[in-house]
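What follows is a set of structures for review.
Below are two complexes that have chain A in common, paired first with chain B and then with chain C.
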Partner chain A sequence: MLAVGTLLHAKQMSRSPFEVVLALVVPVVQATLAVYLFRSGGEQHRLLEAAVGAGVMGVWSSVLFGSGGAIQNQRWQGTLEMIMLAPRRPVLVILPITVATGLTGIYALLATLVWGHFLYGIRLDFAHPVAFVVAAAVCVVALGLFGLLLAATFVLMRNANALANTLEYPVWLVSGMLVPITVLPSWTSPIAAVLPTTWGARALREATSGGPVWPSVAVCLAISLLCLTVGALALTHVERRARAAATLALA
Partner chain B sequence: MKTLRLMTVGGVIAYRALFNWTTPGMFIGTLLVGPLFQLLFFAYLGRQLQVADDRFYIVGNAVLTASLACVFGGTMAVANERRFGTLGHVLLSARSRTAIFWGRVLPYAGNGLLIAVVTLTVGALLLGLRVPVRAVPGLLLAMAAGSLTCGFFGLTLGALGLRFRDVWVVSNVSVALLLLLTGVNVPASGLPGWMRAVGEWLPITHAAEAARRIAAGDGLAAAASPLGQELLVGAGYAAAAVVLLKIFEVESRRRASLDAL
Partner chain C sequence: MGSTYAIEANDLRRTYRARTGWLKPKRTEVEAVRGVSFTVGRGELFGLLGPNGAGKTTTIKLLNTLLIPTSGTARVCGHDVERETRAVRRRIGYVFGGDRGLYDRLSGLDNLRYFAELYGVPPREQKRRIAELLDLVGLAGRERERVEGYSRGMRQRLHIARGLLHAPDVLFLDEPSIGVDPVAARELRRTVADLAAAGTTVLLTTHYMAEADELCDRIAVIADGTIQALGTPSELRRRADGRRVVEVEAYGVPESAVSALRDLPGVRETAVEARGALQLLTVHSDAHVDVQGDVLRELAGIRLGRVDSREPTLEDAYVAIVSAAA
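== the complex of A and B ==
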């Protein structure tokens, strides 16, 4: 059910020219910006790292806006009641949507790599190619599970859109997707440590340029499982409250 | 005088009507906090890569942050009229279209200026940039010029919304391209010639250059040339928006597609 649901929602999102163009074009613009910035800073040897970092930024944007608005979007489409009527736990019907946002975010990662390779001659010389593929898959699933937590909490807020707009750059910054965490103020370290994006980005970076990939993958998975548990509980709470107050379809 | 009233009062009324759904939380989150983190992101990235100093990133990004409100606002000034079903009423007005739509840009430009000022102030305080007090009027002028140009750029994109259905794709991509092509984050010398050439015709490029010179203590005279260029680019977009709105209005009437979404 999770696999079919994820595929269905990924296909549905891929039908939207808006989503596809943004998933492909914006990360490529960011990757280009990163390439020129790294070149200007004399860091030509880190261009692959920059392209991967820009790609992960795209995955996060896809999850943030897609998952954050997952329930609201169903509400606007008039399909929220139908999916909540399914004889399954709410988490099982919402999780495929949030994982699908991570999956469509993979467009961004692939687009930045292909773009960097063909236009800027970046050699796709990964230190650990197999680990990179595994880390990418884990990163997508982990961000999808994190997205479930976002979906469950954003639906409780009236200004969820504002929160989503606000969270894009802070997570890019604190997670070390392009800027190393070490150059940030020390108070940001505990925040970075509990974000799955930090560990996902770190795993991909280590698979790209060398380093112990698997511990980062493991921590990323552990945090995302925690997100799944909290997200599932929050969703059940939200659903019960909405049924009792008859507000499921109301924004 | 009547035209001026139409532009200012009309612009403010339209702004309030089109944004009645917004809240202080949404405004602060989207237009003040988000842009501030954008500035911090590039300032820390610039520090780490040692591409340029803090002033380059703080002043440049502060000017650029106006683009979010101005480009999307300018686009919404036309696109949301259609979405809310009120575009026909606007176009039925016997008053000058040019004055009506140019007036729409003014609140967005004011909004952009406010965002740029807040971002520069907070960014400078957080990252320890000292801006000479005598530079403040010049900086305000540069940020106002950038905001106004961005507003007219957004209005031009909004005009495209009369012809193309998904104008939001164009706006989102445009805002992302401004990050790259205006030389705000990568020094112009680090960009290829064609990107620099495109950047010359985009809003913010010259305003950011002017603001940097003023913040460096060079004085308003040193910034006069880029400021003039920015205003020239803005005038170009203002004219383009009017021409496009006229063409697409005639076309929409001919094809009876004015309200078709």
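== the complex of A and C ==
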């Protein structure tokens, strides 16, 4: 059920003209941003690392807007009621949507790397290529599970996009996707430590430039499993509240 | 099913609460359903009729677990809709009218595959079941096309196939024929009648009296959140006994003329229905009073079409019941 649901939701999302245009434009912008930021900082040798960070930003944006937007889209299409009406636990209904947003987001990572290579001559020279592939897969699943936790909040909100908009940039920053966490104020460290995006981005960076990949992958997985557990419980509660507050439909 | 009834609603109530504004929040409450009680027997085709905003869709959503009642209880196939949600959902199908509710960028087949998974149809049975339903609703051969290219009638048929995937014991049909052309609507009625004949309990809401008259074993008329009348179509038709109906086709009738008709001796109710440029005036009167002459006198100077005096129909009975509730 999860596999079929994920694939069909990914199919539905990837056929949206809006998503297709975004998918074409955003990676070019992000690759450019990363390259010029690091070039101006005199860190020419870290361009690949910068491109990977920019790509993870794309995955995060896809999950964040995908999870919020997908549920809002389900409302607009009138499908939210239909899928919540299925005799399944709410987590099994929503999880395929959020993992599908991670799956479509992986395109942003790949496209950022490809554009970086062809437009700016970034050499795709990974320190641990196999670990990079594994870390990327873990990152997608982890962000999908984090998206599930966000979705639990989004189901109750009629304007989920408002929450999504406020979360995009802070998480980019705090997770160290582009700027190293060490340059951020110390009060951001505890927040960074509990975000799966921090550990996913770190695992990918270590696979790119060298470093202990697997501990970061393990922490990322552990946090995302926690997100799954909390998200599943929250969704059960949220579904009941939505039935009481009549927020499943637009009516 | 352990219970005698497929559906039991007992004093169901539902209040919608809304809050607007941040600094000075304003709270509003709307009582959409105000103490609805009825039972539907197994295999019965039960109609819920009422004007817009009467509480039909809210009642259906309370019964199919999409909403939690503010008070009162309901059971479907013996299971409580609030506490035994999953048991109820396994036994029910829900189909609503309109364009929404499908994945437009997926094919009809992908939509059915997805919902078959969601509704727990075993993988080995899915192919056969989907093929059966595509045949039933006349979409065989078009299933690989994207839903965004489907006509409204095709979408509606796909909705029905989706609602039947898991062979539900109880089917909720919320205005399924809305916006469907007459030929498709007739096919839809045939499908619904066949389902009921095969033992599926159907709860149908509709605006179309002919549809309710043709299909339903019993009908409940709901207005202002409460049931105003309940019975077989012939029982309800008798609610208009002792009446006579005059129908006048007219063009450009002012509100003052309609008010004047209402004040004529012997007139019980008047209704105006706009049909493009034409207005159809319906005047209910006591059967022993011939109001046709008075009506035409009041409409003097207004361009008129057909004028007809006839026995009341189920629709007239419905108008009488709803008007009495207003």
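Note that in this section the second predicted complex is superposed on the first by the 240 of 251 C-alpha atoms of A that agree within 3 Å, B and C clash if a C-alpha of one lies under 4 Å from a C-alpha of the other, contacts with A are read in each partner's own complex, and residues count from 1 in each chain.
We adopt the following convention: contacts are C-beta pairs under 8 Å (C-beta built on N, C-alpha and C of every residue); 3 or more make two chains touch, one makes a residue touch a chain.
Model, not experiment: these values are computed from the prediction.
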> Putting chain B and chain C on the same copy of chain A, do they fit or clash?
Replying inline: fit
>> I'd like to know which partner A:Leu226 touches here: chain B for first, chain C for second, both or neither.
In response: neither
> When the two structures are overlaid on chain A, which partner does A:Leu110 contact: first (chain B), second (chain C), both, or neither?
Replying inline: neither
> Which holds for A:Val21: it touches chain B only (first), chain C only (second), both, or neither?
Replying inline: first
>> Just to be sure I read the superposition right, which of the two partners does A:Val183 touch: chain B = first, chain C = second, or both, or neither?
In response: first
> A:Ser40 contacts which: chain B (first), chain C (second), both, neither?
Replying inline: first
>> Under the stated touch criterion, which partner chain does A:Ala137 make contact with: chain B (first), chain C (second), both, or neither?
In response: neither
>> So in the superposed three-chain picture, is A:Leu85 touching just chain B, just chain C, both, or none of them (first/second/both/neither)?
In response: second
> Can you give the closest approach of chain B to chain C, taken over C-alpha atoms and in whole Å, for the superposition?
Replying inline: 8
>> Let me check the overlay on chain A: which residues of chain A are in contact with chain B and also with chain C?
In response: none
> Which positions of chain B touch chain A when the two form their complex?
Replying inline: 23, 25-30, 33-34, 37-38, 40-41, 44-51, 166, 168-169, 172-173, 176-177, 179-180, 185-187, 190-191
>> Please output the residues of chain C touching chain A within their complex, sorted ascending.
In response: 16-17, 57, 64-68, 86-87, 89-90, 94, 96, 98, 100-106, 110, 113-115, 117-120, 162
>> Looking at the complex, which residues from chain A come into contact with chain B?
In response: 17-18, 21-22, 25-26, 29-30, 32-33, 36-41, 43, 158-159, 161-163, 165-166, 168-170, 172-173, 178-180, 183-184
>> Show me the residue ranges of chain A that touch chain C in the complex, using the header's touch definition.
In response: 1, 4-5, 8, 11-12, 15-16, 76-79, 81-88, 93, 240, 243-246, 248-249, 251
